[in-house]
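Read from first to last, the chains carry the letters A, B, C and D; within each, the first residue is number 1.
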Amino acid sequence: MDIGFLGLGIMGKAMAMNLLRHGFRVTVWNRTLSRCDELVEHGASVGETPAAVIKRCKYTIAMLSDPSASHSVVFDKHGVLEEICQGKGYIDMSTVDGNTSSNISEAITKKGGLFLEAPVSGSKKPAEDGQLIILAAGEKALYDEIFPAFEVMGKRSFFLGQVGNGAKMKLVVNMIMGSMMSAFSEGLVLADRSGLDQQTLLDVLDLGGMANPMFKFKGPAMIQRSFPPAFPLKHQQKDMRLAVALGDEHAVSMPVAAAANEVFKRARSMGLGDNDFSAVYEAVKNPDGATQM
Amino acid sequence: MDIGFLGLGIMGKAMAMNLLRHGFRVTVWNRTLSRCDELVEHGASVGETPAAVIKRCKYTIAMLSDPSASHSVVFDKHGVLEEICQGKGYIDMSTVDGNTSSNISEAITKKGGLFLEAPVSGSKKPAEDGQLIILAAGEKALYDEIFPAFEVMGKRSFFLGQVGNGAKMKLVVNMIMGSMMSAFSEGLVLADRSGLDQQTLLDVLDLGGMANPMFKFKGPAMIQRSFPPAFPLKHQQKDMRLAVALGDEHAVSMPVAAAANEVFKRARSMGLGDNDFSAVYEAVKNPDGATQM
Amino acid sequence: MDIGFLGLGIMGKAMAMNLLRHGFRVTVWNRTLSRCDELVEHGASVGETPAAVIKRCKYTIAMLSDPSASHSVVFDKHGVLEEICQGKGYIDMSTVDGNTSSNISEAITKKGGLFLEAPVSGSKKPAEDGQLIILAAGEKALYDEIFPAFEVMGKRSFFLGQVGNGAKMKLVVNMIMGSMMSAFSEGLVLADRSGLDQQTLLDVLDLGGMANPMFKFKGPAMIQRSFPPAFPLKHQQKDMRLAVALGDEHAVSMPVAAAANEVFKRARSMGLGDNDFSAVYEAVKNPDGATQM
Amino acid sequence: MDIGFLGLGIMGKAMAMNLLRHGFRVTVWNRTLSRCDELVEHGASVGETPAAVIKRCKYTIAMLSDPSASHSVVFDKHGVLEEICQGKGYIDMSTVDGNTSSNISEAITKKGGLFLEAPVSGSKKPAEDGQLIILAAGEKALYDEIFPAFEVMGKRSFFLGQVGNGAKMKLVVNMIMGSMMSAFSEGLVLADRSGLDQQTLLDVLDLGGMANPMFKFKGPAMIQRSFPPAFPLKHQQKDMRLAVALGDEHAVSMPVAAAANEVFKRARSMGLGDNDFSAVYEAVKNPDGATQM
């Protein structure tokens, strides 16, 4: 199967490599073309522009850094729109907002192309290991056709219905994640201040019904106050805000998520936005100096 | 090893049975003596009163329903205090508040006895399977001596230092649990109202970094609006309140736990106190009728 | 002074009438022209279109129902833009969002006109009595020139600097208002449930440092569960949301406003959006039926 | 009328002075007897002990610093209980918790005495000016008899029913006050960070429906970051906690008060407990340094 691949950042590179490794013929493009070299060594072809990639391939996947990059690659000169047409499919696996996704969907569809949004859950390591979770939405026929590629990049993919649902599902998941991380931080700080050993709390949690990989892997670093960014706090806070806004749209009252969002905002105002989102621990801990009762 | 066991409710019975099964000689007592019968069939002896059990055994474990039962069994006529003395150890595995625990500790110690509080994390099934998590605090020497019994009743035990720390650790754990459950409920409701399938959300969560037994086992029942009580909501809310109060004592600001506590209070005011604590889902969902934007 | 006036809804009519009463020559326009009749009886002239009004008057005030009406009256055919030019001033006193305001500002300025946004605080009665509070921002020279008209319509006007600041000030004020109303509701419900008389609470509050017209006038109706709309709840909730979003932009953590916003969302989901914003009381009160402890 | 007065702190002294000034014959007692001197100059007699005061007077008022002082003065040697008897009335105007109040009530009543709890709203200045708000509860007959003294000390007194209701009413009022102060602080910080002038916000608020003495008098000091203690923050936070606990007892969900309570806890943890409660502004403002978006 011939597949185009636009965007070779940390995630895109790992995903395209997995496609190559499993025998797909891949034509890659990246804004900085030199990032294509490693993939070429593993058998990829290079397209000069997004349009050139679309022209050559029946299916093209995009994995770009942000909504404006997703937009540019489609609408700019030499972009996707110039060559998309009936019989071709375009799958945007970037994380974008609802507006960007529906604008792209509309433009592609108008030209006769098929569109799928397919944001992923998981970061660098799962991307390399082909263990992403893929949240696809849009054209079901395209989902079925591209499924073999999804099987290679992810451990599981879901088809969620109409365009927009992929992004929404990701927001819901990240909202739960942010609230859990805030609650976990409050527990760690409470343990410490009331004279309990934090590592023991981690051990107890890991044995019970709440045991989960996030607490297990991030907890030990957090109590060392180390927050190497896997998912930056400012992005987590943005997702909390968008999830609360989604709740607003549907009149869903979410006091716990709203409270957690305000803690993340405090962390951001402390200059922690580029740390891992587990740095919300610092906002809960602070101030930890002279306590006057 | 001769071990006394006071209190044969759902938990106590399962725990005493595990002791018998692993070769301990157990002398049991229960307020309603007939509840001892099944254990006698499996080899237990019966003590007529708590005092009689203490007299016969070097170590006695108590597993009672609430703080006032824990208090009575020690201080009432024919109670523990009448026979406790140097060389004997008393281990209260009930969940009690700090005051009750320190009153008991003081009284036992004054008589020369050794004391350990050892509340457990886990309910009926883990008790039967010897898979409890034991949070012990008090006399370290007693902990070391009774350890073989803990190994039979639990999958792991912790020694947490001075009396009171066992109860505190349990509060911290339950506070995190309550906040997680509230956040999970908010996510499930948001998914539903914004047109996503709730079962798919459960599937997505179970594949990612937040996957945990609690979401996995309670989630499917929750979306069916079924909340058979494993841990009653009113008890969860009480623990949230006590955890927030513990934070108050140490000037720890915990906005997420406080928000979750208010949601549990709403659930309680809806008459859901005797349901499982996952019924907080109903308080988040409600009202779900005619929505006017 | 010749003043144009666009928009004769409840507010606009009262404001234009005050101008007439104080000797201003006023040329009015309204989408439904018949609403101009009463003002004509009091001496107003009528302009056929917004453009016609602008052409005739050096200064034109607009008081329209929502941002899209504000936008239309400027940009549509026969709109303000067709006749605005150097030497003319345009004052939009409607409540609009930042985007709409800056779009209008830019368009007016490009044509050489002067622009002022001047949203008001106060509803029907203060409009009739010339007791509005005017929050102006934009061109200071225009503010100084139109000041005599502001003096007639309001009890006080403020010049707040650059375009956008008028809208922001209104959001901050309304955010405090929404939080106060939520706290007041919680107090009323707590009083009732703990056996205190609600009217007595109102009396006590009215004697102390927190005494304010809002509690005084809305309180008695609230405890009767009567919420005739002066400021609709859905608009209050929208302002809470926008204020929280403004805080997000500037990384200001506002847990109290965020909590209040979620209570207003709950009220909206109960179908109370068109009631007065004091109906948030119902969301706090509910459920008030069978309480199980 | 002969009135005993126990406790001559800032409040008690001012209140006793008002009684003297209006012709009451007053017998005073204070733990440090020298504090009685000034009142003696104005005509007061001195009792050597609380018991001595009770013996001499038909009615005795107490105004003590905290619940434990209220307790001691009644139950200790030479305390109120030794001389209280049928025909005598005891009025405790201190702010105490429900337990202390009901213990005192019970003990007094058992001896045949009449009891009234009558906490006040208002601090030093209103005490001096006879402008307190008196929240009385207990024996209605005693309320009617002591009413002339209340008229001299307060601008208004309320009879609220059974013992405990005075303290509850005060908690409800202070809870609203704490939430309002938190919301006000959030508004002031939001104004500042989004480029608005804080003094202008105060001016706008003071003209509208939310205008109240508290905002008016504390606002200007707050924006100067000056918080001279009229009502210490740690006491305000304690009252928030007790009000939330009262809500817990009656299953009233109060998310706004709970959120405000956590902000006060943060302020306390910053070492602001002895400042005025308006210092919660600092907890909202902080951190205000390098903001990273």
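Keep in mind that, in the parts below, a residue touches a chain if its C-beta (ideal position, glycine included) is under 8 Å from a C-beta of that chain, and two chains touch if they have at least 3 such contacts.
Just so it is clear, the structure is predicted and the values come from calculations on it, not from any experiment.
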Practice problem: Pick out whichever of the two, C-D or B-C, is joined by more C-beta pairs in contact. | Solution: C-D
Self-check item: Chain whose mean Cα position lies farthest from chain B
Solution: C
Quiz item: So, what's the distance in Å between the C-alpha centres of chain D and chain A?
Solution: 54
Quiz item: Just how far, in Å, is the C-alpha centre of chain D from the one of chain C?
Solution: 38
Self-check item: Interchain centroid distance [CA atoms averaged], chain B/chain C, Å
Solution: 54
Practice problem: Please set out, as single numbers or ranges, the residues of chain C touching at least two other chains. | Solution: 247, 251-255, 258-259, 262-263, 266, 268-269, 291-293
Self-check item: chain C contact footprint on chain A (complex, rising order)
Solution: 241, 245, 247-248, 251-255, 258-259, 261-263, 265-266, 268-269
Quiz item: For chain B, which residues are in contact with chain C within the complex?
Solution: 234, 255, 259, 266, 268-274, 286-293
Quiz prompt | Touch list for chain D against partner chain C, complex | solution = 121-122, 133, 135, 155-156, 158, 160-161, 165, 168-169, 172-173, 175-177, 179-180, 182-184, 186-187, 189-191, 193-197, 200-201, 203-205, 207-214, 217, 243, 246-247, 249-260, 262-263, 284, 291, 293
